[in-house]
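These notes open a run of structures that come right after.
Look at the two complexes coming up: subunit A is in both, with subunit B in one and subunit C in the other.
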Partner chain A sequence: MTIVIGFEGSANKIGIGIIKDGEVLSNPRRTYITPPGQGFMPSDTARHHRAVILTVLKEALEQAGLRPADIDCVAYTKGPGMGAPLVTVALVARTVAQLWGKPLLGVNHCIGHIEMGRLITQANNPTVLYVSGGNTQVIAYSERRYRIFGETIDIAVGNCLDRFARVIKISNDPSPGYNIEQMAKKGSQYVELPYTVKGMDVSFSGILSYIEEAAHKMLSSGQCSEEDLCFSLQETVFSMLVEITERAMAHCGSGEVLIVGGVGCNLRLQEMMGVMCKERNAKLFATDERFCIDNGAMIAQAGWEMFRSGQVTELEDSWITQRYRTDEVEVTWRD
Partner chain B sequence: MAATDGGMNRESEKLEFSLVVPFPSPREASIALGSLSPDREPRKGGISKELTVTDRTLSVKWSADEARILRVSVNSFLDNLSLVLETMQMFGPPASQ
Partner chain C sequence: MAQAKSMAAILEFLSKAELLKQGAEARVYRSNFLGRPTIVKERFRKQYRHPLLDEKLTHRRTVQEVRSVLRCRRAGISVPVVYFVDYTSHSIFLEEIEGSSTVRDHIASAPRSASCEGLEPLAERVGQVLAKMHDEDVIHGDLTTSNMLLRCGPEDGESELFLIDFGLSYISALPEDKGVDLYVLEKAFLSTHPNTEALFERLLKSYAVSSKKSAAVIKKLDEVRLRGRKRSMVG
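Here is the complex of A and B:
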C-alpha cells in the first residue's frame, strides 16, 4: 500500500489531494477568482495561495482521515506554470516533507493531468488532447516518453477563451470557460472566424485578435449577439482541436482519445470529439470538472506512479521551473 | 568581502542586507534552510543571496546592485519565510528521526 499527497498550484487553483493505490481519499481545492474583465497576475495569485494553502492541507488530511505518519511521499508541481504560485506551493510541500520525514517528489503538471485521466477513465494507451488555460498539446506515448505530436504555436486555447471573456466582461466565476459554454448554448448564428491549423499545430492568437477587434463593432451594430460570438468561437477552436487529434490518431493507429485539462470538461468539445471518434470507431474518454481542472490528486497520482517506480527528488533539486515540457520527463512507470 | 584585483573595488559599491532568524531548535532552522534554499533568484544578475544555518539560527545575506532589486528579493523572501514558519506551527514539530 502506498499513500501519496499531492500539492498543485501552478495557476489560479490551489489543490491538495491524497491518493492511496488508485483511490482518491480527498481532493480539496480553492480557486482565485478575479473580477470580470481581469486576468490573474502571478503575485496576487501567490498571495491567494499563501492565504489558503494550510487550511486546504488540513482539509485534505481530515477528509482522508489520515495522520501525516500514514503518508509515504509528498508530491508537488515542479512546473510548468507561473513562478510565484509554484514557489508558494513548493515551499509548503518541502516543509511538511521535512517535518514528517517523508521523501519529496517534483511532478510535471502535464504528466499529472495525463496520469489522472488514465486512472479515472481506465484508458489504456490513448492519444491525449491536453487543453487548458496554459497548455494545448496533442500527445501520444511511445518508448518511455509522452511525445508531443501537435501543439499551439502561440497561446493556449483556454487562454484564448479566457481573454475573449474579458473583452465582453463575462464573469470569471466559476470560470470564464464555463460561462462561455453556457452562453454558447443560446447562440444560433455562426460568425466566421479565422481557422488556423498549421500541419499538426494550431494557433489561437490571430483568432483572439480578430474577435477582440470585431466583437464590439458587431455587438453594437446588432449584427450578432454575445451568445453568437461564444458559440462561434467554441465551434471554431474546438474544430481545430478535433482535426489535429484525429490526424495524430491516424499517425499512431490509435483507437482511444483522452481529453484532459481544464478546457476538457467542456461538454461541447467532448461532443464534437465524440462525433469524430464514432466515425473512426474509436473510444472517447473524458473526466468531469473534479479531475479535469487542476487539482491536487492528479499530482498525487503521477507522484504515486513515479514513487512506485523508484523516483524521488532530493531537496536541493526541488527548485520549481516555469517551463517544463511534457516530453522532458522519462516515463519510468510504463512499458 | 572579495579582494580587489588591482583596479577599483566594485564589491564595495554593492548594497547589502542581512537578516537573522532564530528557531526553537537546530532541526527547525535546518528545515527552513532546506525549504527556502532550492529556488534561485529569478533574475540573472544584479543580486545574490546566501543562506546559512548556525546552531538554531538561520542567517541570510543579500548583496545587490540596486535598492529596487534588493527590495523585491527581501520582500518575497519574507513572504516565503512567514509561510514556512506558519507551516511549522501548524504541522510541526518535526517527527523524531
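Here is the complex of A and C:
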C-alpha cells in the first residue's frame, strides 16, 4: 500500500491531492480569478497560493481521513510553470516532507496530467493531446520517454483563448475558456480566421494578433457578434489541434486518443476529436473538470508511479524550474 | 451541373479502386488510370471541421500540393508524376512508385532486414535531395520519414529517393522557413526513430555540403532548436 500526497500550483490553480494505489482519496483545489480583462501575474498568484495553501492542505488530509504519518511520499510540481507560484508550493512541500520525515518527489506537471489521464480512463497506449493555458503538446510514449511529436511553436491554445477573452472582457469566473465555450454555443456565423499548422506543429500567435486587432472592428461594424467570434475561434483552433493529433496518430499507427489539460474540459473539442476518431475507428478518452484542470491528485499519481519505481528527489535537488520538457523525464515506471 | 457530374464520376472510379490507407489528410487509393498504375489521393471532407473552413483548407492544400510537386519535378527532384487533378472531389491522380517503401520502414527494420541501402548512405541521400528542394525554394512543410519513398534499383543499381505529400508546402526563399522545415523533420525523425541522432547529423552534413545556400539555413535551424518551448535558453 502506497499513499502519496501531491502539491500543484504552477499556474492560477492551487491543488493538493492524495492517492492511495490508484484511488483518489481527496483532491481539493482553489482558483485565483482576476477581474474581466486581466490575466494573472506571477506575484499576485503566488500571494493567493500562500494565503490558502495550508487550508487546502488541511482539507486534503481531513477529506482523506489521514494523518501525516500515513503518507509515504510528498510529491510536488517541479515545473514547468510560473516561477513565483511554483516556489511557493515547493517550499510548503519541502517543509512538510521534512516535518513528517517523508521522501520528496519533484514531478513534471505535464507528466502529472498524462498519468492522471491514464489512471482515470485506463487508456492503454494513447496519443495524448495535452492542451492548457500554458502548454499545447501532442505526446506519445516510446522507449521510456513521453516524446513530443507536435506542439505549439509559440503560445498555448489556452493562452490564446484566455487573451481573446480579455479583449472582449469576458469574465474569468470560473475560467475564461469555460465562458468562451458557453458563448460559442450561441454563435452561428463562421468568420474566417488564420489557420496555421506547420507539419506536426501549430502556431497560435498569428490568429491571436489577428483577432485582437480585428475583433473591435468586426463587432462595431455589426459584421458579427461576440458569440460568433467565440464560435469561429474555437472551430479554428480546435480544428488545428485535431489535425495535428490525427497526423501523430497516422504516423504512429495509434488507435487511441487521450485529451488532458484544462482545455480538454471543452466539450466542443471533445466532440470534434470524437468525430475524427470515429472516422478512423479510433477510441477517444477524456476526463472531466476534476482531473482536466490542474489538480494535486495528478501530481500525486505521477509521484506514486515514480516512487514505486524507486525514484526520490533529494532536498538539494528539490528546486523548481519554469522550463521543463516532457521528454526530459525518464519514464522508469513503464517499459 | 458539370461539377456534380465530375464528382460522381470520380467517386464511381474510386469505388472500384483499392483503398490503400486513410492518412490524416486523405484517403489513398491504388488503381489504373489511362493504362498506368496510379495512386489517387482524395482529400475527403473532414466532418469535424466547419464546412466553410474545410472547403477553404482542402482546396488550398490540393492546389499547393500540385504546384509544389510540379515545381520539384521541373527542378529534377524525384516526385510522382501528376496525371490529373479534380477540384470538386479534391482528388489528385499521381504516378504509383511501384516497388517502393517508406524511409520510415527502412530505418525501422534495419539492421535486421537486408535493405538495399545502408542507413548512412540513405541519410546522406536524403540530405542531398532536401538541399535540392530548398535550393528550388520549395518548403515541404511536413517532412517526416513517412513522406519519403525509397525504390530499390536493380541488383547493383542506384536506388531512387522520392518525396511525397506536399499538402502543407509553400514557396519561400527565407532561411528561416527552410530551417523550420528541417526542424520539423528533425523532430519527426528523432521521435519516430529513437537514438538516431548521429544518423540525422549525417543527413544535415550532407545537406550543408549539397545546398548552395545552406549556411544561413543551418544557422536558423540552430536558432529554432533553442526556441523550443519550455526549453532552457541557456547554452
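Operating definition for what follows: the second predicted complex is superposed on the first by the 335 of 335 C-alpha atoms of A that agree within 3 Å, B and C clash if a C-alpha of one lies under 4 Å from a C-alpha of the other, contacts with A are read in each partner's own complex, and residues count from 1 in each chain.
The rule is short, and it goes like this: contacts are C-beta pairs under 8 Å (C-beta built on N, C-alpha and C of every residue); 3 or more make two chains touch, one makes a residue touch a chain.
What you see is a predicted model, and the numbers here were worked out from it, not measured in a lab.
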Following the superposition defined at the top, how do subunit B and subunit C come out on subunit A, clash or fit? fit
According to the stated criteria, A:207 is in contact with first (subunit B), second (subunit C), both, or neither; which is it? neither
Which of subunit B and subunit C A:90 touches, first, second, both or neither: first
Determine, under the contact definition given at the top, whether A:258 touches first (subunit B), second (subunit C), both, or neither. neither
Rounded to the nearest 10 degrees, the Cα-centre angle subunit B-subunit A-subunit C in the superposed arrangement comes to 120
Partner with the higher number of touched subunit A residues, subunit C or subunit B: C
Given the touch rule stated above, what does A:235 touch, subunit B (first), subunit C (second), both, or neither? second
Now for A:98: first (subunit B), second (subunit C), both, or neither, which partner does it touch? first
Of the partners subunit B and subunit C, which touch A:319 in the superposed model: first, second, both, neither? first
Now for A:280: first (subunit B), second (subunit C), both, or neither, which partner does it touch? second
Where subunit B and subunit C come nearest after superposition, their Cα distance in Å: 11
Subunit C partner, complex, touching residues on subunit A are 79-80, 135, 140, 142-143, 145, 147-149, 151-153, 190, 192, 195, 197-201, 235-236, 239, 242-243, 246-247, 249-252, 271-273, 275-276, 279-280, 321-326
Subunit B-facing residues of subunit A, complex: 46, 50, 53-54, 57-58, 68-69, 83-84, 87-88, 90-92, 94-96, 98-101, 315-320
Which residues of subunit B touch subunit A once you look at their complex with the stated criterion? 31-32, 34-40, 42, 76, 79-80, 83-84, 86-88, 90-95, 97
Quick check: in the complex, which residue numbers of subunit C touch subunit A? 22-24, 46-50, 52-53, 56-57, 141-144, 146, 168, 180, 184, 187-188, 191-192, 194-195, 227-233
